[in-house]
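Taking it in order: structure first as structure tokens, then the write-up.
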């Protein structure tokens, strides 16, 4: 998890309050406002355009293929614990995938590495099968805790791939070195594979070895795509607006940091060290 | 007696090397194909790792973080009643209770209560992550892009060198960001920018790939060193070349 | 009730963790947030029991059905041996005195540690080193110049791979040495793309967390 | 050429294994000029004034021993030949035995005295918070060394109150907490020169700090170790690893090329068939 260390790093204060935190608070509030605005707007029924993401468009087809072949699907929600939001994103996507699988009457095998992810994943899959009206199709043995050890988990998961022969492998969440072991074994077992992670160092391997790969933020957007919930889709638009905001901030920051004249001018006009105020927020 | 102790120690050490070496070869046998020996090693691995996790969680988490403090609390030995630490220790009942809620999953009537623990964890970690990533990734990375014309660098390297390094980074960051635009079709200016972004992303993936290959070969060399220097060389009384 | 209470808990827990950040360091909410972060590992320790129970149950079911019976028995034997030794003797390399075993064998080597070092570590390291071979086959079958994008990935990968070879450092294209090309790749496109992914992912995290806290995203809690 | 795209993967594995094992057993190796980054670190240590204090933070474990340990040894060789005091700390518990091994290999044979020329303060938990504390004081989180000797009685620690008194920090890191935390928590505040020796996988992630000048240099993976061994003229595991490492890299490049030839031929053939 990244660091939280604002106080100690920033001696600058405004009205006795650390400036860094104040700036962060303002930026955060703006970010929240964007997301909430578009979420509420979508709730009122405004259609939201979202660009296609190939990996997600193929999800239905991938689950359908497993059904046709009469084989289960394998869903690995990453190997991080719940403190990593990628894992929570993976669980949320698992909920949607399990719903599709349940409606096709296909088994969903979920190996987990974190002891806490295991009950959460089980609850999610169980609920998905219940929501799809097939509580009987849910098998408790399909959601498994394999091991806390990274490679014991990998060995166990490859074992499932080889022996229970899932037709579709989905790898969503935080992955490290095991990414390629999983993806290559899955390829050898002849499965369709869709991966998604924000772990940059593993992306090349997923891109190479899987049929589709969700890159970085696409993983977080996936649940909105799959559920087609207008509110969630709306929040994507809010997040896009935030990207514009930060893009502008970057350009402004570059200008201020590199053009001393501009900085001095702002200082004179606002009577405040503008650069300090805006950009000393580490 | 000493002799016996020595041989026991020797067996403890040499036996260990043999076990490790055989298991190492068992895993490598998977490269040919899935086989009973590999399968055995796999099951040993999963079993041992699971047992390890329980013992580790008990001694390294449960005992020091929950058992000792609560034990002290009830016996009144530490911390002193009414002190700040006493209150914090008292609060440890909350995670203990949440942890116990998980066991209600086995009850048909109360299994829904285990959702409370899940709700608490997911909520708390969502809050922590929101702050942590906003601060470290969003703000620090944004800010990291500002530094273009560091005066010290300018004097040393000359402005064209500094610019040649930093302008492409700026373009790359902005272009790659547009790739993550979801609510606009990637056409026109946005399309060009997103495509440029993909080029940057792919170049970064290629770089990561190159470095990862290096790391993985080193790992394999590490296993070879174990097999030859720790296992085979001593068998023939050979001296490993440098350690 | 079954659905609302968890949402309220999520909301309160999440909001508190955010708000506490804006308090001064050393204030009560700030300290409480610090403690709450530690609770996760305590709750996880309870979940370990659940998870291990699941391993045992799944293995027993399979063994009973006759699927891989011998293997599952080996798994269970390894599990109980390791767990038993660890719980009784502790997890340190040398056995400490404990109320369970008194001073018996105190200071001796701990067989639990032996199992860790001679079984678990080598197995993990070897699994890890299999990657060399997977990279080989992936390089052969998957790295294809299907498009310009794939070509760029490949081109940089090959450049970096070659750049790591010592004698390639002598090579150069015109005036530009191999080393400096590699450094440029690492310092420019690599940095730019990583930064964009981090910024984008952070935005995804922030908006997802917000949606979870506000209960807009709640599929992980399921229906009623 | 049809067979190219239908080769069984096991032949690829076999060739790969051979290409690594043969140079490993014959101890074939390749030499090259050290990278710019390694040279920068070398010169930084070379230009340290006599009596300067260097802090080596060994934040790695047996899993990354293959890559980082050779760097650790090479850097110790360099430091042992300079008149500098070395303080070792670890952010990873498994780092301690590895540092002790490296010290035993280099420092004692070089005739250096423990406590006078070098000291090992050991492992403390806390990660980035620990680094944060060390900015203010090293003695508060580390009241004693690994042998339990109070820091006040250790000559090597004389005059060393906090990271402000350290001339150079070398972060040997295999992940988190590691180099990134050293930059964010300490270097950003005090501005001391910081050198990094990291695993190849983490190297790309810390290059941004090389751009901003917060790192003076990076030793990445086994090649970084080999570079440094070459610079201090003490060839060890790093230099010897360059044989298998180089042949392995070349083979992967060859496979990428062959794979693409097969692919392009197959595609051309498919096109021809249609036309």
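The letters A, B, C and D name the chains in turn, as written, and every chain counts its residues from 1.
In this text, contacts are C-beta pairs under 8 Å (C-beta built on N, C-alpha and C of every residue); 3 or more make two chains touch, one makes a residue touch a chain.
Computed from a predicted structure; not experimentally measured.
*Asks:* Need the most distant chain from chain D, centre defined as the mean of C-alpha atoms.
*Replies:* It is A.
*Asks:* Decide which interface, A-D or A-C, involves more C-beta pairs in contact, and give its chain pair.
*Replies:* When the contacts at A-C and A-D are counted, A-C has more.
*Asks:* Taking the mean of the C-alpha atoms as each chain's centre, how many Å separate chain A from chain C?
*Replies:* Centre-to-centre distance between chain A and chain C: 15 Å.
*Asks:* If you average the CA atoms of chain A and of chain D, how many Å lie between those two points?
*Replies:* 32
*Asks:* Using the average of all C-alpha atoms in each chain as its centre, how far is it in Å between chain B and chain C?
*Replies:* Going by mean C-alpha positions, chain B sits 4 Å from chain C.
*Asks:* Roughly how far is chain C from chain D, centre to centre by C-alpha average, rounded to an integer in Å?
*Replies:* Computed from C-alpha means, the inter-chain centre distance equals 22 Å.
*Asks:* Among the residues of chain B, which ones contact at least 2 other chains?
*Replies:* Where chain B meets two or more other chains at a single residue, that happens at 31, 39, 45-46, 48-50, 52-53, 56-57, 102, 105, 115, 118, 121-122, 125-126, 128-129, 131, 133-134, 136-138, 140, 142, 144-145, 147, 165, 169-170, 173-174, 177, 180, 201, 204-209, 211-214, 217, 219-220, 222.
*Asks:* Using the touch definition from the top, which residues of chain A touch two or more other chains?
*Replies:* 3-4, 28, 31, 82-83, 85, 88, 115-116, 119-120, 123, 146-149, 151-152, 155, 177, 200-201, 204-205, 207-208, 215-217, 221, 236, 239, 243, 246, 282
*Asks:* On chain D, where are the residues touching two or more other chains?
*Replies:* Only 9, 13, 20, 184, 201, 203-205, 208, 211, 221, 223, 245, 248-249, 252 qualify.
*Asks:* Quick check of your reading of the touch definition: is the inter-chain graph here a line, ring, star, complete or other?
*Replies:* If you draw each chain as a dot and join those that touch, every dot ends up joined to every other.
*Asks:* Can you list the chain D residues touching chain C in their complex?
*Replies:* Result: residues 7, 9, 12-13, 16-17, 20, 30-33, 35-37, 62-63, 203-205, 207-208, 210-211, 221, 223, 226, 242, 245-246, 248-253, 255-256, 258-260, 263-264 of chain D touch chain C.
*Asks:* For chain A, which residues count as touching chain B in their complex?
*Replies:* Against chain B, the touching part of chain A is residues 1-4, 6, 24, 27-28, 31, 48-51, 82-85, 88, 115-116, 119-120, 122-123, 146-149, 151-153, 155-156, 159, 162, 200-201, 203-205, 207-208, 215-218, 221, 236-237, 239-240, 243, 246-247, 249-251, 253-254, 256-258, 279, 281-282.
*Asks:* For the complex, which residues does chain C have touching chain A?
*Replies:* Residues 21-22, 24-25, 40, 43-44, 47-48, 50-52, 54-55, 57-58, 61, 68, 120, 123-124, 127-128, 130-131, 134-135, 137-138, 142-143, 153, 157, 193-194, 197-201, 203-212, 216-217, 219-223 of chain C touch chain A in their complex.
*Asks:* In the complex of these two chains, what residues of chain D are touching chain B?
*Replies:* 10, 13, 20-21, 24-25, 27, 65-67, 105, 184, 199-201, 203-204, 208, 211-213, 220-223, 236-237, 240-241, 244-245, 248-249, 252
*Asks:* Which stretch or stretches of chain A touch chain C in the complex?
*Replies:* Residues of chain A touching chain C: 4, 7, 21, 25, 28, 31-32, 35, 39, 81-83, 85, 88-89, 91-92, 94-96, 112, 114-116, 118-120, 123-124, 126-128, 130-131, 141, 143-152, 154-155, 163, 177, 180-181, 183-184, 198, 200, 204-205, 207-209, 215-217, 219-221, 223, 227, 231-232, 235-236, 238-239, 242-243, 246.
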